[in-house]
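Can you read through this structure? Questions will come right after.
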Amino acid sequence: MRSRALVARGALVLGLVFLYVPILSMIVFSFNNSRLVTVWDGAHSPTLKWYAALIHNEQILHAAWLSIRIALVSATAAVVLGTLAGMALARFGPFRGRLLLAGMITAPIVMPEVITGLSLLLLFVATEQLIGWPKGVGAVTITLAHITFCMAYVTVVVQSRLTGFDESLEEAAMDLGARPTRVFLAITLPLILPAIASGWLLAFTLSWDDLVITQFVAGPGSSTLPMVIFSKVRFGVTPDINALATIMVLLVASGIAVSAAWMRRRQKLRERDLQLAAAANL
Amino acid sequence: MNASQTSVPMPASLDPASAYVRIANVTKKFGEFVAVDDVSLDIQRGEIFCLLGGSGSGKTTLLRMLAGFERPSAGQIVIDGADMSAIPPYERPVNMMFQSYALFPHMSVDKNVAFGLEQEGLSRADIRRQVSEILDIVKMGGYGARKPHQLSGGQRQRVALARALVKRPKLLLLDEPLAALDKKLREHTQFELLNIQQRLGVTFIVVTHDQEEAMTLGQRLGVMNHGKIAQVGTPADIYESPATRFVADFIGSVNMFEGRVSDEGADFVRIDCSELGCPVRAERAVSAARGATVWTAIRPEKINISRQPPAAGAPGADNAVRGTVREIAYMGDMSIYLVQIDSGRMLRVTLPNISRGGERPIARAESVWLSWHGSSPVVLTE
Amino acid sequence: MAHLTRLSGRRLVAGIPTLWLLVLFLIPFLIVFRISLSEVRLAIPPYTPLIAWRHGWPSLALHWSAYSFLFTDPLYVSSYLYSLKVAAVSTLCCLGLGYPMAYAIARAGSAWRSLLLMLIVLPFWTSFLLRVYAWIGLLKNNGVINNVLLYLGVIHHPLALLQTDFAVYIGIVYSYLPFMILPLYANLEKHDATLLEAAADLGARPWRAFLAITLPQSLPGIVAGSLLVFIPAVGEYVIPTLLGRTDQLMIGRVLSDEFFENRDWPVASAVAILILLLLVVPIMMFQRLERRQLEGAA
């Protein structure tokens, strides 16, 4: 027992160090005055000049704004489509075309992005020839591509939540006179909302972060943030990217911390309620 | 009803034509597995009917078909004259109280109970009135704003009951209503349920595996086994006159012996029973020929224990056997005696613990005589 | 309960996502296949049409030159094999690190567990690109690792860590670690600790109990995690481009170069089809696992 636990815990510590050292090093060197990034310039550091440079970098700001807009639309559409697919797969039992849907849903999750990107671009080229749309690639094609691979992830999240769901709640609602649509809107949806929310966040992150697929389906005028970053870092490290990374890490970390604290508070309230109810007689 | 029959007995006073709920030759198959096998039942308006059976007996499937969650593979369900075959659960005049209560966790008690009324499009004032009325009836008035996780098990059950009753359905289905409650609460709730039913006059169908629950709640019971109805009758009918060995064994405890008919007449039958070591004389007519194999079932409380053999000519004199007391289980109000008779079989006898005027109570290893009245044994042919 | 939802409603609910995926996921693969069967030419679009007209009659103009090119040119063959090798080695390393980590988290107390899971997942929510970029800073000649080792006197010349196989393995393991840990954790968490107690009671030593009971039971998690890492790793583009060798390319980079640099759409398409053929069996394995997991949870 001891040796196993020791090995496991040792690996855990090693793994966490492995995961966080690169992130921490990026953060540390974002305050380094040297252009060489990883050679610490003790005399003039720490400095905020790279952050200032970042804020004035038009290209990066423009790209970030485009990425956000695309991610917002993609995440929302992916959530709608993913919830529909999740409902169908979790609640409809066997139906004609189920195998097709189930197969197409899980494939984008593992498919190498170069393949998905290539195939989507070739699709847009083909449709442009056939029906004249889209006229060149750009934000629209990027969004369509993102929706397609994001919805797969949302479906998995929603479907697994629905299969763990107590069906007797939906049955009770129907028993009391609610038609299936009403059951979904009044009972199912409110209760799977946390899953849908986390699906939305997942889709947003995947869209915001995507490089390879976007490179295929982006046009000359539409550069997303990952594309800008990639073109800069292909040729080596640049300190303003470190600053960007630090900002993103801090945003994500605070987001996670806030949601964790909020969930802990809800859990405490529930436990208190349960105790009170148990103490009450009958 | 004191004649055992081989067919499923229907109380003569109940007229099939007036059946409120008619289940006609209903079968349900899941692939190859037959969950409900050609079941026919008639349930009267305003009665409490209990479906009793072990797991896998088909009782829950039958209940779900009444609610509309499963469609029968064959047969018909008619409620108050209306055929339910094509009617989905949200259009049936049937409501169900689920075993897990299935209260909507994100709604308050008020909203839970109001949900069914909202689907009917009543006015807010009407809904509010009816909700507070029913909550008062189940003694949960004042709990309207609470959420389900803020309630105890018993409280949740009452809300579930209120929610199912508020629409005054023609039929209320209860799925193991007392299973999740502890013993004290169970007794209390049993009587409350009876109270509420009488007050509102709703027809109840209760599904349970607990005999005590079925006997207390049910005006009539239907015992199910392997998808079929083994017997239908009042609790007394089923207990005193079980139709089959399964029913005799399922309800309460019983001493069962195999034997052969040696003599029979209009109002008696004599059975040779090697296991018992003595012939049994039962004061019932039995539709079995001489020499046929039958089973005799005697309830533990119908057997008498005494140190002396019963006097000749006394009732029970011709049904007596000797044995030795092996175990005594003291239960407070009564004691259970396990008596081993000469053939080696153990008989189970129960006696209430009343002191018989100075007599020394029977102790272990004592040699005793067991006897019973001729009307006590039930003779079963299947 | 399936029969209770109205037929027209059901068709819409299932139909809309199916239609979307058919048009935007499945049909594109057919288009890729079709283009792989043409030849490159100077035109818009830059590939030969499918139907050729000979003497006034249409005929199917299939060119297999792209495929024969890929099969015969040693550069491409070695890229495929190299990609498979890199993906396999990375998956094994990921498993080697991820399994004990998942095990430790599953055995931890519930308060620790949520914290640890959060720590594992947090890097995943920050940019993938930036995290790979971070390794450039660590691995390059005047990067952190070399600077530290030089400072400590362990080495006297900087190690060439960047643009090596080693860097790619590190990159893939680093990026895909959460994908390995989460399915493993989900599986290990469900294990019944009393089974191990029973084994101990019957005289099995701890490691033996682990090998005989825990390991086999965790096999579905191992397979799921490994597929989640291996399949995308084969076609990885970013990591080999930023961290990997310049003399030996992985197949994802080959595809992208053929398409963007050489503008050879047919060959790029053929590369894609061949990758798909290679991966179709693992992908179907993964789908079967996912289906069983999702439906078994009911």
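Letters A, B and C mark the chains as written, and numbering starts fresh at 1 in each.
Just so we're on the same page, a contact is a pair of C-beta atoms (placed from the backbone, for glycine too) under 8 Å apart; a residue touches a chain by one contact, two chains touch by 3 or more.
As the structure is a computational prediction, the values presented were derived from the model and not from experiment.
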Top chain pair, ranked by how many C-beta pairs fall in contact: A-C
Centre-most chain, if every chain is reduced to its averaged C-alpha atoms: A
Centroid comparison with chain B (C-alpha atoms), farthest chain: C
Computed distance of Cα centres, chain B from chain A, in Å: 56
Intercentroid distance (Cα basis), chain C paired with chain A, Å: 17
Computed distance of Cα centres, chain C from chain B, in Å: 60
Numbers and ranges of chain A residues touching at least 2 other chains: 171, 174
Shared interface positions of chain C, touching two or more other chains: 1, 4
Contacts with two or more other chains, residues of chain B listed in rising order: 69, 88-89
Chain A contact footprint on chain C (complex, rising order): 1-2, 4-6, 9-10, 13-14, 16-18, 20-29, 31-32, 35, 45, 97-98, 100-101, 103-105, 107, 114, 116, 118-120, 122-123, 125-131, 133-138, 140, 142-144, 147, 174, 177, 206-207, 210, 227-228, 231-232, 234-238, 241-242, 252, 255-256, 259, 265, 268-269, 272, 275-276, 279, 282-283, 286-287, 290-291, 293-295, 297-298
For the chain B and chain A complex, residues of the former touching the latter: 67-69, 88-91, 94-96, 98, 100, 102, 104-106, 115-116, 119-120, 147, 149-152, 154-155, 163-164, 167, 185, 188
In the complex, chain A residues that touch chain C: 1-5, 7-12, 14-16, 18-23, 25-26, 29, 36-39, 81-82, 84-85, 87-95, 97-98, 100-116, 118-120, 122-123, 125-126, 129, 144-145, 147-148, 151, 155-156, 159-160, 163-164, 167, 170-171, 174, 180-181, 205, 209, 211-212, 215-216, 226, 229-230, 233-234, 236-237, 241-242, 244-245, 248-249, 252-253, 255-256, 260
Partner chain B, residues of chain A touching it in the complex: 166, 168-169, 171-179, 182, 186-187, 190-191, 270, 273-274, 276-278, 280-282
